[in-house]
Every structure is written in C-alpha cells, then in structure tokens.
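Here the structure comes first, spelled out in structure tokens, and everything after it is commentary.
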Amino acid sequence: MVGRNPTPAIGAEQRLKELGITLPPPPTPFGNYVEGVRIGRLLYLSGMLPVIDGKPQVIGRLGAELATDEGRRAAEIATLSALSAIRAALGSLDKVTAVAKLGVYIATVGDFRDHPKVADGASDLLAKIFGPELLSGRIVLGVASISLGLPVEIELLVEVTD
Amino acid sequence: MVGRNPTPAIGAEQRLKELGITLPPPPTPFGNYVEGVRIGRLLYLSGMLPVIDGKPQVIGRLGAELATDEGRRAAEIATLSALSAIRAALGSLDKVTAVAKLGVYIATVGDFRDHPKVADGASDLLAKIFGPELLSGRIVLGVASISLGLPVEIELLVEVTD
Amino acid sequence: MVGRNPTPAIGAEQRLKELGITLPPPPTPFGNYVEGVRIGRLLYLSGMLPVIDGKPQVIGRLGAELATDEGRRAAEIATLSALSAIRAALGSLDKVTAVAKLGVYIATVGDFRDHPKVADGASDLLAKIFGPELLSGRIVLGVASISLGLPVEIELLVEVTD
C-alpha cells in the first residue's frame, strides 16, 4: 500500500512517446496564483480543468447534461493538462516518483453515483503513463459546481525527485 | 495550536483495546489507486467511506434522508475504516504523531447547517483513540454527492514516525 | 512557476501596517480540533470561515442570496481570519515563505460560474500582504453547503521558515 517508484524500467516521457500522446500547452491561471508550487519533495498543482488553450472542452454536469463517459473524458483532458503543468514545473515527467493525492471533483446533480468511473479517467491515464508501479492515493467528491460550468476538476500532490 | 505528540503515556493500540474497539478489515480501492501513500513523515490516506467489507453502511444525504445523528455515525464508521487503513500501511496506529488534516465531506441537500456536529463523529473518535493531546487540523464541507450515494467521506493527512 | 520567497524586501507584517489593516482575533474551533498543525516546513490551517468573534459576517449562497461581490468580500474576511490564525501559530506572518495550496470553497446554487472572481478576494489580499513575489497554488470548487450557512470557506497549506 505504501511505497515509492525509485527506478522505473521505462520513464513516463518515454511511455508518452510510445503511446503517441502529445501534451497540450501548459494551462494558464484564471487569477492571482501559479499552476504549481514545490516545497521540498512535494509539488502541489493548482486545480486542473478540462480546458485547452483557454477553451473549455466539455461543459455540463454529471447526472444532468453529461453521461458518465463524457465525464471520464473530461477527467482525461484535465489530467493531460496537469501533466503539461508538471512538465513545465519540473522539466520532465520522469521526476515524479509518486502521487500522494489525486483529487477528482465532479460537478453532479441529483443522485449521480458513478463517481469512481469518472475518476478512473484520470487514474487509468496516470497508470498508463507512469506505469502500474506508480502509487497514487485518491479522493473523489461530487461538488455543486466548477469554474466556467466545467464538469471536472483535478488536484494533484506529487512526490518529486531532482 | 501547533505541536506534536512525541511520547504519549498510552498508545493508540492500547487505548483501542481498553475501549473494546475492533477495527473493520482495511478498505479496498474502487479503482486504479491505493489506500495510502507515504512521503517522508507524511501519510496521505485516500478518501475513506462508511463501507465495511465492500458494503455501504449508510446511504442518503444530510438535510434529506438522514438526520444529524446518522451522519455522525457514518463519520465514525468511515474513521474506523481509515484507522484500519493506517494500521495496514504502518503496522501500528502508535506511529501516528499528529493529524495535519482531517477532511470531513458531507453530502447535503438544501440549507443543512450542522456540519460541525456530523464532523465531530470523526474528531471525537480520533480524540478518544489517540488521546486529547493529539493535534488535529480539520476542514468540513457540504458536497453535492459521494460515490455510491454515501453520506460522508473522510480524508486524512497524518504525520508519522518510524 | 515553482519557487520560493526567501528574502522579501518588505515583510508581510510591515505591509499590513502600511495598508492600515488590523487582523481580527484568531478564530476558535467549532469542535474537537485545532486551527493549525505544523509538520516540518508545512503549516496546515483548518478551514477558515468569514466569522469574526464567533459571529458569521455573511450568510447565503452564490447564485441565490448573494452576488459575486459579496462572495468576494466573504473570501477576504475568511482570509483575514486565516492570517490571524497563522500569526497565532507562528508568532509572525513574516515566517510564511510560500502558499502551496489556497483552497477556496464557495457555496453555490444552480449554474453559478464566476468562481474565480470570488476566489480572487482571497488571492488578491494575499498578494497585497505578502507581495507579488509570493507564490500561491490554488483550487476553487463550488460546494453544496458550508457550516452555519456561510458562503465561503478557505483552506491553506503554507511553507514556513523558523
């Protein structure tokens, strides 16, 4: 349950290439803050949204306008944006050694209950890119609303190495 | 306000025995993540739910189907699950020296306002088991929904020793 | 994006004086927890509310009873309370070297979308007091409800020096 990933056989940057994934440009803040702050071995990433080049990619809430699959896709886009922010902060994704916390916040209406399936959009992508040996903690919550009417927001607290 | 609990007179494991509390089996993830990740002196626990052996113990929201006491009880069950996850991660609860963050997230409808009373279900249990000298920070929020229709989710970031 | 603020030209305490801002008394807990816990270089602050001397300063939700400006003002008041808690914990605001995470949680109804404008009430005040060189990460979420019917809750994880 508890551990770290000191010497992965293949790095995340190499895996990204093999998967043919190109990261979007790093996100830009919507206010007076920055996208990431490093304190010692911890990098805290600001809330990451399914927005590319300032354009919302999906609008709506789960349980109303959006189906579970669309929420899952929004979680994937927000995660790609987060990875781009991490690369901008550290120079390379290979410096990530664990994900202490992946927060997945989903805008929901009514009695939507499939939160884990939406959140797996983020978790499965992280596992694909960092490898199954990467440990990730996770919390998933259904919130009332997200900036700009977006359906998903991602939060990451990662362990990094130099 | 700020401090730590280096040499408790009685350890948490001993207190559990004296209180006659048996922890439930450690929770299992609902997806591609683990229940706890340790980084240095910090252990981050994934969102903990009032679920035992994969079975939801309480379903509903505060301000609608559930009364404050039922929410408090759900917070207690989620906390017992969290303690079981901590023991599985560290071997013993005695290695916990502080709770930096206890997050209590409560599914609410309408104008429910008794969040602190629900959250005290978690805080009072932690104080009973770790002793009044254990410091705990806390944040409490009313959310729109929680996985599986559960009423409460608990998040813990704890300081640990070896 | 990533860095720290080791030797500010003017400290936060001096800036507060120049701005003529007097902090409210430090907040007191609503339950069995403390307002801040320090672990190494990190100080975690419990959820901070727009409450002064135990009295709620603003009640209501964004998208219903309150306009964006009133939410922004509530975020400012909660931030002043947080600063008072930090000073009580550390002795001086000058010991803060970065804000890893500023969480701004806003009680919203319906399709409210101006979360960033409300959150800027907190971010702009932090920038005014700590100077533009202070780095701050940020996450903003619309929640269903907050203790006592308050519109905004603030969470801070800060890096501190001795």
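The letters A, B and C name the chains in turn, as written, and every chain counts its residues from 1.
Assume a contact is a pair of C-beta atoms (placed from the backbone, for glycine too) under 8 Å apart; a residue touches a chain by one contact, two chains touch by 3 or more.
Everything numeric in this text was worked out from a predicted model, so none of it was measured.
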Interface composition of copies chain B and chain C: same or different, split at half: different
Fitted rotation between chain A and its twin chain B in degrees, CA, nearest 5: 120
Intercentroid distance (Cα basis), chain C paired with chain B, Å: 25
Residues of chain B engaged with two or more neighbouring chains: 40, 42, 107, 143-144
Interfacial residue positions of chain A with respect to chain B in the complex: 1-4, 40-42, 63, 98-102, 107-109, 111-113, 115-116, 119-120, 123-124, 126-127, 135-144, 157, 159
Complex contact set, residues of chain A against chain C: 29-40, 42-47, 85, 88-90, 103, 105, 107, 143-149, 153, 155
